[in-house]
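Same chain, two partners: chain A is paired with chain B first, then with chain C.
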Partner chain A sequence: MANIQEKIAKQFPEATFEEGEILLVNIPDDKWHDLAQFLKGDETLHFDHLLTIVGMDWVDKFGCVYYLSSSTSNELLSVKVTTEDREQPMLQSVHDVWTIATTLEREVYDFFGIIFLNNPDMRRLFLSIDWKGYPLRKDYDMSPENNPVPRENERQEDVTYTYVKDEKGNVEKKTVTIFEPNDFVVNIGPQHPATHGVLRFRTAVNGETIKKIDFYSGYIHRGIEKLCEGLTYPQTLHFMDRMDYFSGHQYHHALCLAYEKALGIEVSRRAQVIRVLMDELARIASHCLFLGTYCMDLGATTMLFYTLRVREQILDIMERTCGARMTFNYGCIGGVMQDLHEDFVKDVKELLAVIPKNIKEYNELFIGNVIAKGRLEQVGNLTKEDAIAYGVTGPSGRASGWACDVRKTHPYSIYNELDFEEVVYTEGDSMARTKLRIAEIEQSAKIIEQLIDNIPEGEYCVKVPKVIKLPAGHWFQMVEGCRGAFGVYIESDGGTSPVRLKLAPPCLPLANVVDHLTQGSKIADLITISGSLDYIVPDIDR
Partner chain B sequence: MRYDEWKDNEYIEQLVEELKANGTNVIVGSFDKLINWGRSNSIWPLTFATSCCGIEFVSLGAARYDMARFGWEVARSSPRQADFMMVAGTIVHRMAPVMRRLYDQLAEPKYVIACGSCAISGGPFRNSYHVVKGIEEIVPVDVFLPGCPPRPEAMIYSIMQLSRKMRVEKFFGGVNRQEKIEEFLAAHPEEELNA
Partner chain C sequence: MYDFSQVTSWIHELLLTIMPEWLAVTIECVAIGLILLTVYALLALFYIYFERKVCAAFQCRLGPNRVGPFGLLQSFADMFKMLIKEIIRLKNTDRFLFALAPYLVILASMLSFAVLPWGEGMQIIDFNIGIFFLIAVSSIGVLGILLAGWSSNNKFTLIGALRSGAQMVSYELSIGLSVLTMVAFAGTMSVTGIVEAQANMWFIFSGHIPAVIAFVIYLIAGTAETNRGPFDLPEAESELTAGYHTEYSGLHFGYFYLAEYLNLFIVSGVAALLFFGGWQPLHIPGWESFNNVMAYIPPTVWFVGKAIALSFIIIWFKWTFPRLRIDQLLNLEWKYLLPINLFNLVLMVIVIVYQLHF
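Right, the complex of A and B next:
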């Protein structure tokens, strides 16, 4: 880390540093673009993956915290850029350095009204174009009269805007067309059985060939980040079940780890093992459901019944311990909510016994099927470079040859003691993404096998203060959700509720990459490609 | 659930009483019974899910809970072929006009089940700036189904409740006319809709 600091300080003397778990670089806005290019371009630093952009409103100033990671050394770095202008805050865009920044900057613009100069697409991302105000600003007026429930269809524009600064320093707003006037635009979604929720694609087609896709989200934007600012720390936990509802356990794990890190709480070994067991069970259930619904999208309805058989068995195990089928709310600060059910070990062993048989069946029924091969192989090829540039993590990134499993790259909890393989394929097509998930089921089962016989005795939840107050500061924690790297950023001022709680979901980059993957393919492949990425829309929208 | 609890249903009794108040024609009444018997045993849902509750709806369709037993298995993707929509999940500002349009596209007689606490009142997201506080602001609701998300068994109960409601309704001169929408428009005048 000292090495990174030295290197940056040599090139950019104006940068200041804050030591911490992750090095934080403060840089003035006019140098930010140069620093970004240096960070990515330098061979030893090589920060090529932009994890997230955390927009911030510190009342006296606006700013962004960029979290970067290197795909070669797995180092993490954060960069803070601020502006004091409250009337028209502006920052440099880094969309030409990291492709995913185009969309992440749109999100920050939507929530904080920070304009990113040179970003080619400065529209709102989640809220409609007529929305008044920027909701995550501290002075936002929440009253419903301000933004009533719309009764009319939303206004639609075929153009977007970009803000460019000329030599004299004047900012000019330019119009950019999304679709040409003679483009034939087909609307897919938000109510469509194969978009996996309420996502909307405006698709320009040339005959059957896709020319361009403009994705619209926000049809399930529930404002979780803003809601968390008004709740106490333990209360914020239950939202984690309702974002990516298959990765509820992992997301709980992430937020609990972040809080425990801030509070300096040491979690008992038993609780850690229970959490990892639940994470991996959830991963198996999630990948099973993926396979079922994906096959259903492709027209193979029966697969759903085969894969849900295993999922129901896992849900039974979870229900016995956690008391719910889907929204478990199981992890809590200091451990888990309640102890394991007495039959847990027996039930899990029964499950482990049936998994290999089921996987064999899935392979026979679907993966080896000629029709499936024809529809999936060489469809939607994603290269490793593009996966990193678009920030596609999780199984979809690993299918493109990018070893990005957070359990291996930034081990948390007890993952570094466990023996499991990070499955990486290099094909990068839809078939690889599907097969990789089946291989991950096997690896998760392997982890469970190692742990199930030696769950240590001890308390399942350590004693924590009744009123939880985080010390002033900020923390970042990543875990591997079922669909990719999930990050949480917490900023506290020492009170009982967070000043800012940013959730960096893995599914936003996944939905964002659909346009890139489908250009030039047939429209029938859109379902194949978007299905194989396996995004969950409430996770995109939060 | 015990049988006497299942029979104990004030809402349906009240509905029956209202319908009986003016007496029923013998012939029309018999036809009503016949048609309602058919209608109530093949209610087709619209595949409409925004979030978590939708996944429980998928479980409902799969082998264990198997809604096909009751004649509800044909989940339609087009609202024009469906009888009712189960609003499974949070409805937010951006989705509200879309949902309203879907409701308008359902063929009469149509029904709505508000599934889960988000659809009923906004649920855990009630205080959010972008969430509709209950779908009754947008469409009339026939059955409210609490839970976060409701278990598949609860979903079965809610659809059965809907089917009982259908069975006691007056079909001729009743629900086959667009009275419900008129009633709704009277309660929500045009100016308010356009405001």
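Right, the complex of A and C next:
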């Protein structure tokens, strides 16, 4: 880490550093774009993956914290860029360095009103086009009169804006059209069976061939980040089940780890084992559901029932221990909410016994099918470079040859003691993404097998203070959700609720890459590709 | 033994004794029309139930089992629901064409019904180009589908209709050619002629290799022609919601639904006619007593039984395979099925000329 600091300091003397769990670099805005290019371009640093952009309002100034990771050394780095202009805050865009920044910057613009110069698409990402104010600013007017419930249809614009600075330093707002005038635009979603939720793709087609997709989200945005700012720390945990509802356990795990890290709480071994067991069970259930619904999208309805059989069994296990089948709400600060059900070990062993049989059946019925091969192979090819540039993590990234499993790259909990393989394929097509998930089911089963006979005795939840106050500071924690790397950023001022809780979901990059993957392919391939990426809409719209 | 033409001629004679001929023919036509409609509706209801049960069995489920014994009345309940549903009228659509489309679709399948051989003498029209007539009228359906997609003023339905148009026009070729192969073998286009030529042995056995090839192609093309999975692209629900009939509701939707199931029956019925002897019982040369026993089963049972057995195969396809993509679908037809079919026709001619068949 010292090495990184030296290198940056040599090139950029104006940069200041803050040591911490992750090195933080402060850089003035006018040097930020150069630094970004240096960080990505330098061969030893090679920070080619932008994890998230945390927009911040520190009252006296606006700013962004960029979390970067290197795909070669898995080193983490954060960069802080600030501006003191409250009227019209502006920062340099880094969309040409990291492609995913185009969308992440839109999100920051949406909530903080920070304009990113040169970003080609400065529209709001989630909120409606006529929304007044920027909700995550600390001086935002929350009164209902400010933004009344609309009684008419949402206004639509077929143009976007870009802000460019000319030589004299004047900022000019340019209008850019999204579609060409004679494009035949088909509206796929928000109510459409293949978008797996209320997501909308405005698709310009030429016959059956896709020309361009404009991805449009925000229909179920609940403002979880804003809500969390008014709640106590234990209360914020409950939202984790309501984002990616299949990764509820992992997301709980992430936030708990972040809080425990901030509070310095040591979690008992038993609780850690239980958490990992639940994470992996949830992963199997999620991948089963992916396979079923994906096959259904492709017209093979029968597969759904074969995969749901396994998922049902897992949900029964969850129900017995957690008391719920969907929003489990199981992890808590210091451990888990309640102890395992007495039949847990027996039930899980029954599950492990049926998984190999089922996987064999899936391979015979679907993966080996000649029509399935024709539909999936060489469809939606994502190269490793694009996967990193677009921030596509999780199974979809690993199918493109990018070893990005957080359980291996930044091991948390007890994962570094466990024997499991990180499955990585290099094909990068929809078939690879599908097969990889089946392989991951096997790996998760392997993890469970190792742990199920060795659940240590002990307390399932350690004692924590009644009122939880995090010390002032900020923390970042990543876990591997079912669909990719999930990150949490917490900033605290020492009070009972967070100043800022930023959730970096894996599904936003996944939905964002659809346009890139579908250009030139058929409408039917849109379903194949977006299905194989397996995004969950509530995770995009937090 | 079960010659139905005796019954019809007896009825005709009876009517002639009490009324002039024009009135008798009119009454007969109306009666036949009513019978046809009833059979049509009942078959559709049966097929809906049948498919649900079959698909449930594939999917480890029970299927309908609440309404009536074994859920038998479920289809009736669904039919009444469909009948009393509101027909939604949309703005900015071509009203006339929008309403016309479902009738065209159902007309096509009803006309095809007219030449199916239900039993000996049990055919509505029997003339020397029966098979040709069948191919001609069944193509009217695509017109209805194109109209439905176009007049709905909806992008999804338009894409669905265009897909359907491309698909049906392409696969019509395969159907036509495989039918032609069998017509060449039978030496007649008359439906009765084809059935009678199979009295001793069904064509699928006597025509051996070319007949089996023709049958496989016919089954694939027939599945495509009825827009059923894995060729259900025009109404691929995950891509185009419901394809060309997205905007239809109530009775109009019911017509499309009905026509879809009846087309399934027609395709399997024609396959039974061309390859499995129509209403002819299973006869194995040399096994006299077996043949006699088989002949006791009424011809109608034979025909309907064969048709349902073939439909079962088509239903099996649908619930097993994923859907093809439009370019793969057209590739399959133009690059594979069509050349194979042309080759098969030549092969069949060689078989006939050199008397290589049984």
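Rule of thumb we're sticking to: the second predicted complex is superposed on the first by the 542 of 542 C-alpha atoms of A that agree within 3 Å, B and C clash if a C-alpha of one lies under 4 Å from a C-alpha of the other, contacts with A are read in each partner's own complex, and residues count from 1 in each chain.
Quick note on the criterion: a contact is a pair of C-beta atoms (placed from the backbone, for glycine too) under 8 Å apart; a residue touches a chain by one contact, two chains touch by 3 or more.
Keep in mind that what you see is a predicted model, and the values were worked out from it rather than measured.
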First (chain B), second (chain C), both or neither touched by A:418: neither
Touching partner for A:298 - first (chain B), second (chain C), both, neither: second
Touching partner for A:369 - first (chain B), second (chain C), both, neither: second
Partner chain(s) touched by A:309 [first = chain B, second = chain C, both, neither]: both
Partner chain(s) touched by A:522 [first = chain B, second = chain C, both, neither]: second
Winner by number of chain A residues touched, once chain B and chain C are compared: B
Chain B versus chain C as contact partner of A:452, first or second or both or neither: neither
Chain B versus chain C as contact partner of A:186, first or second or both or neither: second
Partner chain(s) touched by A:149 [first = chain B, second = chain C, both, neither]: first
Common interface residues of chain A - those touching chain B in one complex and chain C in the other: 192-193, 304-305, 309
Parts of chain A lying in touch with chain C, wherever the complex brings them together: 184, 186-187, 192-194, 205, 208, 295-302, 304-306, 309, 365-366, 369, 371-372, 374-375, 522-527
Residue ranges of chain C touching chain A (in the complex, touch as defined): 55, 58-61, 155-156, 159, 163, 229-230, 232-233, 236-239, 241, 319-328
Chain B partner contacts - residues on chain A that touch it in the complex: 126-128, 135, 140, 142, 147-154, 190-193, 197-198, 218-224, 226-227, 230, 238-239, 241-242, 245-246, 289, 293, 304-305, 308-309, 311-312, 315, 325-327, 537-538
Residue numbers on chain B that touch chain A, as the complex places them: 47-52, 54-56, 58-59, 61-64, 77, 89-90, 92-98, 100-102, 124-125, 127-132, 137-138, 148-149, 151, 193-195
